[in-house]
Amino acid sequence: MISLHYPILNVVVPLIAAPLMVLARHGGFAWLLATVVSGSSLAVSVALFAEVADGSVISYAIGSWAPPWGIEYRIDSVNGFLLVLVSLIASVVAVYSRESVAAEVAPEQHYLFYTMYVLCLAGLLGIAATGDGFNLFVFLEISSLSSYVLIALGRDRRALMASYQYLIMGTIGATFIVIGVGLLFLMTGTLNLADMAARLPGISETRPILAALAFLTVGICLKLALFPLHLWLPNAYAYAPSAVTAFLAATATKVSLYVLLRFYYSVFGESVIFAALPMGAILLALSLAAVFIASTVAIFQHDVKRLFAYSSVAQIGYITLGVSFDSLTGLTAAIVHLFNHALTKGALFMLLGGVALRLGAVRFQDIGGIARVMPLTSFGIVLAGLSLIGVPGTVGFVSKWYLVLAALEAGAWWLAVLIVLGSLLAVIYVWRFVEAAYFREPSAAVARLREPPLSMLATSWLMVAACVYFGLDTSLTIGGAAQAAAGLLGGGR
Amino acid sequence: MIAVVTIVIARQRNLFAVVILFGIYSFLMATVLVALDAVDVAMTEASVGAGISTILFLSALHLGKGIEMKPLHKPFLPLMVALATGAALAYGTLGLPAFSDPQAPIHQHVAKRYIEDGARETGVPNIVTAVLASYRGYDTLGEVTVVFTAGIGVVALLRRLRSRKRGDKP
Amino acid sequence: MRNYLVLRVVAKLMIAFMILFALYVQFHGDFGPGGGFQAGVIAAAAIVFYAIIFGLPAAREVVPDWLVESMVAAGVLLYAGVGFAGLLLGGNFLDYFVLAGDPVDGQHRGIFWIEVGVLITVAGVMLKIFYMFAGREDGDRG
Amino acid sequence: MNVAGHFSYWVTILIAISGLYILIARGNLVKKLVGLAIFQTSVYLLYIAPGKLIGGTAPIVADRFAVYSNPLPHVLILTAIVVGVATLALGLALVVRIKEAYGSIEEDEILEQDRPPFDSSANNNVSN
């Protein structure tokens, strides 16, 4: 019986964990609760995904008001996949965060940190699960507000400015999304996304709808940090506490991407986006710009965390590149890369968090020779770096392979070449780490270091292992992504 | 009137005046909302915009210089961005149904049931309350959570500072 | 400002009325404009008013920090609790129909309690934010 | 295209433009937040104005009235206002902390302070 209520429990359980933490005011308890709650969300998400993996749809009417009058949770193969991803990362990072947060956040703030952490999780899961346009905005704000706070809890004072900039950009983005949803609402009279989609044909090329599309695209792209709108991301990632960087890098932008896909394919419909408008070409241009410019900027960074933050902007470019093909293969590639990049970046930032824990900073000038004293951490970073490049045997290869396939399918061999060239830039920035870690003499400060605590190392390596495992056994990820892509293209809603 | 105040805010560099003007702006907005029959919203806007926001701004201003520096960068690019947004909005809104058109989709679809059956189904004559608390009650739970997040977030941001002051400052 | 007798007496009266007005807005929300959020703001404003007249420490004695922080959490819990009550009684989450024998009564009951939840959290948060900001200013002055 | 019938939208657009302009063009962190708040209020009008029916009354059911303005936008905007003020509170708390850490609430001064000797990419311009 209770399985009927999984869609809502998935979101509400982390949500009520937050006030409980505030009442308890105890850091250790809060950590335990955060871990348990993330784990339970993972279990529920897996159960949900198992149910919808065959292409069926679960609809849950909150308050027993039938949609479109009430708010509906709607799980299909696309967001089922995403729910698993988000809760998986959340669980791993929750275990990881204990030592990391203990070192980076003042003790009396621990319970506040975990309160924000579960709220952010609840927000992200809520965005993924909801079938209502305005409810999406509300949960977007829950996750955004909590992530602003999480970022501002970083040790460096620049974290404050980074958080402020993210707040401004994020709120502009959210307001744009509200304007977009509002225009859709004014034209259709409904807020339910599925209902909206049913009422759009016939008016889909009127001016308000096109304007709504523009506002939604810009707003969501601000949130997902697509190239010209990415300015908030590098600082936010670089100065946030390590656990936060790992969590947000692996989930927040991915959820925004899902929102983009949801609006594009499930609400507006393929034909409006790609046939009536040159969205494909725009996305293509921006994606390529993201890949090349952000990768190049990454190469010149002094701080390893910032380097990989810029690399995130570039990798987001690959994902949107997959979307821009508007083909089954392209969309599959995008969704696979969404999953794979989450694993890779999660692993990377978790390992860097280990370095930061021991060393205090991760600037290139400080980490010379670190491989001698932290061999496991360094090797993990190299493996994850290989995945960023797309070396066979890692998840990165799988997604690049599908991207190249999609490019060739579209008859654009030059794009395939560009994708490979983009990977070469990744070789350069990953090499910078290898050079510093393996080929420099350790300084006195570095020589005294040890590996990070077991809980951090083990969870980080779990992610690295996942990067390799899913690189070798692709049945699960490709299968899930292909199902999701087919669902989107088939007008899943 | 609102437009005039907005433009004055944009030109004014004394932050104190800006904040007070913002309060006035909120009150004007509230009157407009009453004229548009949105009494619940007007009440909230008056208490939030003119009340809470102004108090918050004033508390924050206590620390600042009060006078804004002349902006260093050229205002050309921001103006273009703002105008582009406005143009997109204008483009979109021109296709919308005209003001007070009872045939517009928003009056015909979901809202119709709220007005016709809301009071009977929920036993609450104020339909805004009925929709807010029942039909879309989950949004309101989300809204309360947002408020909660902000409250705890402010605690997290401002409390830490005190412990720092006492202890480990270099 | 602490020595003006008239001010203090009037203020006390005013505060009583403000709390009363908050309750009116809260419970009249079914029939006229108003509801948990507005009532929460007004109730918080009453305490803020008290703090301005009698000083922040006095207000903190009347409504201590731990109480405010608990209020912040309790409201959300109450709201979600109503949701879970619907769940336990065999409905969906936030299902008010099952809260009482008659569906309309159930709706009434549900709306009443969630509005109380909103009131508690909003009043708590507004007060907490005021305390945090005002507390800092005091610190600055010495 | 009925221009007069869209008067409320013109006001909305004007507010949106000025809000966004204040938000982006100004370097003062507090003023940016004022701009943000104004930008958000434009959305309130965008939602609520079309819900008005001339001759209608506030959506509180009573026997005397037959036509009511649309309640749904009101509900949405109530939520939006609350979210807006929550964001504002958080933003101001950040400003207070920034002021503490940097001694300034001007964006340019703050970015200037952080530039040397750390790194030079605060504005995404790679200078080395």
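As written, the chain order gives the labels A, B, C and D, with residue 1 at the start of each chain.
As a convention for this text, a contact is a pair of C-beta atoms (placed from the backbone, for glycine too) under 8 Å apart; a residue touches a chain by one contact, two chains touch by 3 or more.
It should be emphasised that the depicted structure is a prediction, and the values quoted were computed from it without experimental measurement.
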| item | value |
| --- | --- |
| Leader among chain pairs (count of C-beta contacts) | B-D |
| Centroid distance [mean C-alpha coordinates] between chain B and chain A, Å | 29 |
| Chain centre separation (chain B, chain D; CA means) in Å | 6 |
| Chain B-chain C separation of Cα centroids, rounded to whole Å | 20 |
| Centroid distance [mean C-alpha coordinates] between chain D and chain C, Å | 26 |
| Where chain B touches two or more other chains at once, by residue number | 39-40, 44, 48, 52, 56, 59-60, 63, 89, 93-94, 96-97, 104, 106-107, 110-111, 114, 125-126, 128, 130, 132, 134, 136-143, 145-155, 157-159, 161 |
| Junction residues of chain A, two or more chains touched | 15, 18-19, 22, 62-63, 134, 138, 141, 145, 148-149, 152, 179, 185-186, 191 |
| Multi-partner residues of chain C (at least 2 other chains) | 31-33, 37, 69, 72-73, 76, 80, 83, 93-94, 96, 129, 132-133, 136 |
| Contact graph of the chains (line, ring, star, complete, other) | complete |
| Touching residues (chain side chain C, partner chain B) in the complex | 29-35, 37-38, 41-42, 45, 48, 69, 72-73, 75-76, 79-80, 83, 93-94, 96, 103-105, 107-108, 110-111, 114-115, 117-118, 121-122, 124-126, 128-130, 132-137, 139-140 |
| Interface residues, chain A side, partner chain B - complex | 15, 18-19, 22, 62-63, 65, 68-71, 106, 108-109, 112-113, 115-116, 119, 122, 126, 132, 134-135, 138-139, 141-142, 145-146, 148-149, 152-153, 179, 183, 185-191, 199, 206-208, 210-212, 214-215 |
| Residues on chain B engaged by chain D in the complex (per definition of touch) | 2-3, 6-7, 9-10, 15, 18-19, 22, 25-26, 29, 32-33, 36-41, 44-45, 48-49, 52-53, 56-57, 59-61, 63-65, 68-69, 71-73, 75, 77-79, 81-83, 85-86, 89-90, 93-94, 96-102, 104, 106-107, 110-111, 114-115, 118-119, 125-128, 130-132, 136, 139-140, 142-143, 146-147, 149-151, 153-154, 157-158, 161 |
| Touching residues on chain A, where the partner in the complex is chain D | 134, 137-138, 141, 145, 148-149, 152, 157-158, 160-161, 163-164, 167-168, 171-172, 175, 178-179, 182, 185-186, 191, 231, 234-235, 297, 300-303, 306 |
| Of chain A, residues touching chain C in the complex | 5, 8-9, 12, 15-16, 18-20, 22-23, 25, 60-64 |
